[in-house]
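Here come two complexes built around chain A, the first alongside chain B, the second alongside chain C.
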Partner chain A sequence: MSLRAQAREVARIDLVVERRVGDTLRIVLPFAVVALMIFSLATPSAITDLGDIGIAVFWGVAVLYGMQIALRISASETARRREVMSLIGLDPAARFLGRSFASAMMLMMFMTVLLVFTVVLFDPDLPDAWLPTMLLVIVLAASGLAMLSTLAGEVAGGLRNKSALASLIVAPLVVPVVVGASQTLESMNQDNGILLWILLLITTDLVLLTAGIGLSRPLEEASR
Partner chain B sequence: MTSLIELDSVGVTIGNNPILDAIDLVVAPGDSVAVIGPNGSGKTTLLRVIATLLRPTSGRVVVMGTDTSEDMGANRGQGNGFITHEPGLLAELTLEENLVHFSRLSGEDPSAVAQALYAVGLENVASRRVSDASFGMKRRAEIAWQLIAKPRLVLLDEARSGLDEGARSLIDSLTVLTVSRGGAVVSVSHELPSQGDEWPQTVLELSNGRLIPR
Partner chain C sequence: MKRVQILLLLAAVALAGGAVLAFSAPLDRLQGEYTRLLYVHVPTLWIAFLAFGLTAFGSIADLIRKKMRWDRRAAGSAEIGVLFSVVGVCTGMVWGQVVWGQAWAWSAARLATPGLLVFVYIGYLALRQAIDDPVRRARRAAILGTIAVVQTPLVYFSVNLWRTLHQTQSIRPDGSTMEPEMLVALLVNVAAFTIAYIALLVGRTFVSRLEEDAAPATELAGDQVSPPRLSEVEDV
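Entry: the complex of A and B
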């Protein structure tokens, strides 16, 4: 069984489970929208123009709530389930790739819907032709967050309180993703180049991809 | 004949607690071995070492010709079936979907799933989600997976506990099938195999971390 075929099967099942459980759509997304609404209502309009902070609030909410989506699968996986997958011969790298892909798909959908609510609630100042750039940034940021969360789930796998530990691992390491994603539109607004920020996101994704594939098997063996 | 399992002075210490101490065990193709011992005696730990899911603290473990101290994962996907008291099925999938998922991951033919489900008597509940299935159904599904994967080594951890007579006989059939095709079975339990179970050739007792003939 090839790595690619195993990764595809892992991703397929993760997405099937998500469709049936519906955590992203039924739980995380509504709470994230409520968080956006609270920000929009609680910000004093006399001091701050909502449009100025809309995109920053979007990325803050998207990353914090997105982490819960991406960490959910690893956190809910039992030790026995991991053992069964291991005995069946599932390559840990395939699990990393498949799980990251499934998480990235969920995050892209989540961030896109959240973006719509952000535009409605905050009416942010957006440069011309912002949408294609924003969608590209969402793809790159969602991929990075998904891989980082999957990797953190592997590091914390088999440990007690792994959900909390995984979140602690992700929070500081997600900084390059947040900086790259939030600064892209800001640079467009100021008529500055965005290449640097796009390259930061791509580089972060490539580093995470390499680390995830390279570390997945040692991490699995270390948990024994 | 090359043995399937060789444990040489294997010890396992978890924290400060010695669980296994200088375990020696050789299991050849065609062997059926039962290990009995009270709760907490280290039976599951022993099986997890054999399944290459736990690295021993000391000693040498050779499973299906591979020294696991060199590569713990070398035998993964090559015929090591481990049935424990905790099923490893995904709760959100149906019984059939779980087996198809396993088949796809391991390179087995998913079309064999229907026949395996029929063989274990689950053909009428194949589309039931695992979250809605009884313990016995989950255990039967795990046996069905062993029928598809045809592992050379079957490890049974209290596999008969909580099962009805029909399911227990399936465990016996799996044992006979595995042994007859040159594989081996190691089962652990807190009690001696009862009359009617497929009687193992060798019965050992795990006591104070050591294996002794019974």
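Entry: the complex of A and C
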């Protein structure tokens, strides 16, 4: 079985499990929408135009709540299951790729729905032809966050304080993704070029992809 | 032990020399006495980058060579890096309060990104603390130490990416915009802080080795005993 086929199988299983559990749609997404509402209610009345902060709030909520999706319990493995996977010859790189792909798919869906709520609730200032750029940024940001969270989840896997520790690892490391994603629309609003920020997102994704594939075998050894 | 003492003595002499130059260098016309913060702020942040770079290098070396000495160096360097980052950010805040009129500006990414870099390595140290087994701790920390360096270029180039409050680099490959006396004082202080970093790293590595030697090599009595599960005692 090729690496691609193995990764596809891992992603398929993850997505099937998520469809049955439904954490993303039933729990995290409503929770994130509530967070958007809390932000708008907590904003001082002196700030009359919520549109000014709409996209910033969107990225803050998308990344912090997106981490909950990428670090979901259904994506973690018991030591026994991990051993079985090693015994059947599953390539650790395929596991990283498959898991990241599944998380990225969920994150893209989550961010897209959250964006709709942001536009409705905040009415943010958006430049012309923003939607294709925003969708591209969502794809790149979701991929970066998914890969980083998969790596952090593996590094902290099996530890008693896994969820808190993995979040502490991901949150500061995800800064290049947040900066690239948030500055793209900001640059469009100011009629500046967006290439620099898109390149930052692509570079971060490529570095994480390389690191994830390259470190997957040592990670498997460390997890035993 | 003798080597650590010699290095610490050398560091103390170098830092004293750096302080003398810092207090004898000319002052900036606008910043006055606060110019002298430059001779601590720049070297401490330089040491932070150096320390985090060595953590990444030690982590990669640990993954390849699987020798505990690389893990000790990486961990010690991360601890020193966090300490110097905090000092660097704090001196920057004091300087910012005086010169810009505000200690912290979110629009100045050069302030925010080193602040976040500190948290990356706090996470690294928290991970180390959460794992008891030294080998597992070394391997997992090495993986995180390798990934963590991803953010360093963004922090370093942030002054050029964001054109905000923080000025761009004063020392560049094509020359310096500083007065020669100030430049000499700055470079001497950078060298002195580097010696101090080496002394602290060697000392910390020495202490880590002592800690590992002092740790019990065998399992403690009772380690293999686990309490009975409820399902096992229900029928009794």
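We take it that the second predicted complex is superposed on the first by the 218 of 224 C-alpha atoms of A that agree within 3 Å, B and C clash if a C-alpha of one lies under 4 Å from a C-alpha of the other, contacts with A are read in each partner's own complex, and residues count from 1 in each chain.
The definition used in the following text is that a contact is a pair of C-beta atoms (placed from the backbone, for glycine too) under 8 Å apart; a residue touches a chain by one contact, two chains touch by 3 or more.
Keep in mind that this is a model prediction, so the values were computed, not measured.
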Figure out whether A:E221 sits in contact with chain B (first) or chain C (second), or with both, or with neither.
both
Examine A:A35 and indicate which partner it touches, taking first as chain B and second as chain C; both and neither are also allowed.
neither
Could you say whether A:A56 touches chain B, chain C, both of them, or neither, answering first, second, both or neither?
neither
Who does A:E83 touch here: chain B (first), chain C (second), both, or neither?
first
Which partner does A:Q6 contact after superposing on A: first (chain B), second (chain C), both, neither?
first
If we overlay the two complexes on their shared chain A, which of chain B and chain C does A:P172 touch? Say first, second, both or neither.
second
Return first, second, both or neither, reflecting whether A:L15 touches chain B, chain C, both chains, or no partner chain.
neither
Considering each complex separately, which residues of chain A are in contact with chain B in the first and with chain C in the second?
221
Taking the complex as given, what residues does chain A use to touch chain B?
1, 5-6, 9-10, 13, 16-17, 20-21, 78, 80-81, 83-90, 217, 220-221, 224
Per the touch rule above, chain C residues touching chain A in the complex are 63, 109, 113, 116-117, 119-120, 122-124, 126-127, 130-131, 136, 139-140, 142-144, 146-148, 150-151, 154, 161
For the complex, which residues does chain A have touching chain C?
148, 151-152, 155-156, 159-161, 165, 168-169, 171-173, 175-176, 179, 196, 200, 204, 207-208, 211, 215, 218-219, 221-222
Any idea which chain B residues touch chain A in the complex?
51, 53-55, 72-73, 76-78, 80-82, 84, 86-88, 90, 92-93, 97, 101-102, 104-107, 149
